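One structure, as C-alpha cells, below. Some questions next.
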C-alpha cells in the first residue's frame, strides 16, 4: 500500500502522462473558454494569496500575548470597499466580455448547414449512437417502433432518404476544419455529451433535441465522455471521437457506404 | 423567585424517557439532533471511504469487509452508485443540516435570545422524531432488494423514476425529512422573533441568531417545492403517471408503457429551487458560529456588524434566484442564462463581504489560539477556496468545460466540508463547556485540528486538477478514459488522505465522550469571556435556562477598550 | 386585525361584513362557472378565470383571514413568500420548449 | 412545568401577534410554496403537450361548483365560530363549528363520488397527465381537508375545555385553525377554475 502511495506521488510530481491545467483544445471556440478559465484562476489566486498574506500577518502581529490589548474602537477601513467594488466590476466584465459572447456565439450563431457536417447523436444506456445523413444530406425517417438490437436509432431503411444513412455506435468521426452540427437527443434517461478536448458539453435529455456546433482544428483520436449519471454503466459509456483529415474522412465515409450495400 | 427550587424538584420527578427520549427541552432535543447527526455524518463518511477505495484501486477487494458486501469483495458499479447517492443524501439531509440547524439552532437560539425554551416545545420534539423516522426509513433502503437508491442525491428522472424500489423509499424518507425541517424552521423563527429577552432588539441579536433565522426562512420557503416534486415523483413511480417522463421513451430494450407528455426538466427546476438555497442552509449557520468564535477569541467586536447582518439577509434572499445556474447545460438560451449568470455574480458579493468582514475583525485584535479559534481561522481560507471556485462554474462559458466534472465536487466540498463542518466542529469545542460544564482536552483538539486540516486539503484540492482535465463525476472507474487514467494517481493520494481524515476524527470523538465525565471543570459560566446571552446561563443550563429572566443592556461583542475585560450583553456594568 | 381586545359591537360589525363577503363569493363563483360555459378563446378564458379567482382569494384573505389589518411581521413574511412564489410559478417558461420533440 | 413561554395568549408588544399566529402564518407561507410548485407543474405539463383536455369536458363541473359553495360556506362558519367566542358565546361557537365540520364531510363525500366515478371508468393517474395532476392536487387538497377536520373536531371536543381556564388562548387557537381553514378554501378557489373550468 505504501508503495502504491509513493508511486502515486512520484507520478503526480513527475506529471507522468498529464500536465496540470486544461487538456489540449482542438476546437475553434475553445480558446475563448480557456482564456476565461485561466483569467478567472489568476484572479482567484491573486485574491486568495492577498487574503492569505493578510491573514498570516494578522495572526502573527495580533496574537494574544502579555501586555497586548485589542483595539476595540470602531474603525472604518476604506480599502475593502474599493476592493469589493473592484471585484464587482471585474466580475461584470467577465460576464459581459468573456462569458456572454461565447455563449451567444454557440447558441445563436450556427454555421450554415449546407457547409457543415450535420449528425445526430442519440444517447442510450450506455452507448452513443451516431447517425449520419449520408451523401444526400437528409436524415431518413426514424421511428421508435423500429428500434432493435441492430437498428439502435430506429431508422426506416425503406425510406428513400435513409438509403445512404450511416449509423455508428460509439464512434463519432468528423473531418478537421469543417463545422459540425450535432443534434443531440436521448432515448431513455439523461446523459451528458462531453468532448473534453473540444470544449463541448451538453445534456442529452429524453423528449428534447438540442442543436450544438463546433469546429475542429486538429486531427487525432479522442474520446466522448458521459458527464451525467445515467445508471450502472455510466462509467463505461465512452465513445471514440475521431478527427480525420478531409481525405481520410472521405475514405471512411466510402468504406461505410460500401458496408451498407454489402 | 422560587423558580429555581421548583424546577429542580420538577427535574427529578420526570421519568427517564420524558427527560431524555421524548423530551420537550430544547437543549435535550438539540443534543439528540447532534448525536443522531454525528452518527449519520460518520456513516456517510464511511460510505465515502468505501467509494474512495474503489476509486484508488478499481476492482480490488476491499480489505476486511469487502466479502461481507459483495461476492468478489470489490464494489460493483451498482453498489458504487448507491453509495454515491446515499453519501450525498445522508451528508446533506441527515448530517449537516440537522447538525447545523437542528443541533446548533435548537440548542443555541433560545439561549442566545434569553428564552426559557423554544416557542413550541412539543412541535420541537415532533420535528426531531420526524427527522429520526426519516433517517430510519432512509437507512432501511439499504435493505431493499437491489440496494439503496442509486440515482444520485439529485435523483434526476427518468433515471430515478425507472430505478428500483429503493428510490421509492428514498422519496418517502425525503418527505419525512422535509416535514421535519419545516416544523423546525417555524419554531426557530417564532422563538427568535417572539421570545426575545427584555432589551434584545433585533439589531442586538448575535450574528448566529440572524444566520439561523435567515436559514429558517430558506428552509421554510424552499423546501416545499421539493416536497411537491417528491410527491410527483412518488406518484410517477407508484401509480405510473408521467410527470417527468416524456413521450417516446425507449428503456431497457422496449418502449416504455407510460402515457408520456411529462418533462424531466420540471424535476430539475423544482429540485434546484430547493437545492440551491440548501447550499446557503449549509453555510449560513456556519457563518454564524464562526462570527461568535472569532469575535470572542479576538477580543473585539465583529467589524461592521450591520454589514454582516445585511449580507447574510441578502445572501439568503438572493439564493432563491440563482438556482438555474445548475442547469446551464440543459438547453438554456442566451437571455435566461444571462439572468442567472448575473444573479450568480451578484450573490458572490455578499459572500465576499462576509469573508472580508471576518478578516477585518482580526485587524487590531488580540487573537487567542484556542481550538475553536483554530477551526474558525481555517474556515476562512477554506470557505474562500470554495467560494472562489464557484465563479468559473457560475459563468456559462467556463461551465461548459467544468460542469459535472470533479471540479464541481471539489468546489462544493470545500464549502461544506472544511467550510461548514470545520465551523461546526469549532462550535462543538466552543459551546462544549456550556453544554457539559467541562472543557474538552486542548491537546487532543489541536491534534484533531491539524490532522484534519492537512488531510482534508489533500482530499479535495486534487479534485480541481482532475476536474480541469475533464474527469466526469460519479464514475465507478475513471481509468477507461485517457484523461482519467492519466490522473488516476491523484485518486490514490486522495483516498489515502481521506482515510487519514477518518483516523483524525478518532481523537475528536474520544475527546467528546470522555470529557463529558472527566474533562476539566470550568471555573465559571463564561469561560471564554464571551458576550452573548447563552453565557449568562449556568453550565449546563437548567431546564428553564434562566431561572431569573435575563435583561439585555447592549449590543453583542462589546469589550472594554482599556482592560482585557468583557462587557457581556447581560451585564449592566461598564467594565 | 386588532387581535385581543375588541368590543362586542365591533365583532358584530365584523360578522355583518362576513356575510356580505360570503354573498360576493357566491356571486363570483356563479360568474366564473357561467363564463366557462361560453367557451371563450383560451387566453381570454384563462385571464378571466384568474382575475375572478384572484378577486375571490383576495376577499377571503383580506376579510376572513383579517389581512386587511394585520401586523407588519405577517405582511413581511407574506411579501417574501409572494416574491419567491412568482419565481416558482414562472418556471414553466424557463423550459426550452423550442427544443422539445412532441 | 416551570418553563414559561410568553405570548401564547397575548400578543407580543412589538410584533403585535401571538406565537401561534406567527407560527400559523409561517406554516401557510410554506404551504403556498408547496401548492405553488404543484401549480407550476400543472402549467409545465400543459405547455408541454398540444392536446390538453378541457376540464369541463371530462370533469363534473356541477359537483365541483357545489363543493365550491360548500367550502366557501364553511369558511364563513369557521370565522363566525371565532366571532362567537369573541362575543363570549360558547354555544353559538359550537353550532358554527359543527356546521364547519359538517361542510367538510359533505365536501369529502362529494369528492368521493367524483373519484369513484373516475375509478369506475378505469381512470387513474397513469391514464394521462391531466388526470395525474388532477388526482395529485385534489388529493393533496383532500388531505388538507382531513387535517382540518381533525383539528376542528379536537377544538370542538376535548380542546374546548380550555375555554374555561384560558379563554384568550382558546380564541387564539380557533383563529389559527380558522386561518388554516381559509387557506384550504383559498387553494380550492384557484384549483376549481384551473382544473375544472379551463
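Each chain gets a letter, A, B, C and D, in the order it is written, and its residues are counted from 1.
The definition used in the following text is that a residue touches a chain if its C-beta (ideal position, glycine included) is under 8 Å from a C-beta of that chain, and two chains touch if they have at least 3 such contacts.
Since we're looking at a predicted model, the values are computed, not measured.
S.K.: Between subunit A and subunit B, what is the separation of their C-alpha centroids in Å?
M.R.: The answer is 31 Å.
S.K.: Report the inter-centroid distance (CA atoms only) between subunit A and subunit D in whole Å.
M.R.: 50
S.K.: How many angstrom lie between the CA centroids of subunit B and subunit C, rounded to a whole number?
M.R.: Spacing between the chain centres: roughly 37 Å.
S.K.: Would you mind listing the residues of subunit B that make contact with two or more other chains?
M.R.: 193, 221-222, 225, 246-248, 262-263, 265-266, 270, 273, 330-331, 333
S.K.: Among the residues of subunit A, pick out those that touch two or more other chains and give their numbers.
M.R.: Only 207-208, 210 qualify.
S.K.: Residues of subunit D that contact two or more other chains, please.
M.R.: Answer for subunit D, listing residues that touch two or more other chains: 15, 17, 22, 26, 29, 33, 36-37, 40, 44, 48-49.
S.K.: Select the category (line, ring, star, complete, other) that matches the graph of chains linked by touching.
M.R.: Its topology fits none of the listed shapes; call it other.
S.K.: Of all possible chain pairs, which ones touch?
M.R.: Here the touching chain pairs work out to A-B, A-C, B-C, B-D, C-D.
S.K.: Per the contact definition, I'd like the list of subunit D residues that touch subunit C in the complex.
M.R.: Contact set of subunit D toward subunit C: 10-11, 15-18, 21-22, 25-26, 29, 32-33, 36-37, 39-40, 43-44, 46-50, 56, 61, 65, 68-69, 72-73, 75-76, 79-80, 83, 86-88, 168, 172, 175, 178-179, 182-183, 185-186, 189-190, 192-194, 196-198.
S.K.: Within their complex, state which residues of subunit C touch subunit B.
M.R.: Where subunit C meets subunit B, its residues are 73, 80-81, 84, 87-88, 91, 94-96, 99-102.
S.K.: Contact residues on subunit D for subunit B in the complex?
M.R.: Contacts found on subunit D: 1-7, 12, 15, 17, 19, 22-23, 26-27, 29-31, 33-38, 40-41, 44-45, 48-49, 124-129, 131-133, 135-136, 140.
S.K.: Touching subunit A in the complex: which residues of subunit B?
M.R.: Listed in rising order, the residues of subunit B that touch subunit A are 56-57, 77-78, 81, 84, 150-152, 156-159, 162, 245-253, 255, 262-265, 298-301, 303, 329-331, 333-334, 337-338, 341-342, 345, 348-349, 352-353, 355-356, 359-360, 362-369, 377, 380-381, 384-385, 388-389, 391-392, 395-398, 400-405, 462, 465, 468-470, 472-478, 480-483, 485-487, 489-493, 496, 558-562, 564.
S.K.: How about subunit B: which of its residues touch subunit D in the complex?
M.R.: By the definition above, subunit B touches subunit D via 3, 6-7, 10, 25, 115-117, 119-121, 182, 185-187, 189-190, 193-195, 220-229, 231-232, 235, 239-243, 246, 258-259, 261-263, 266, 270, 273, 543-544.
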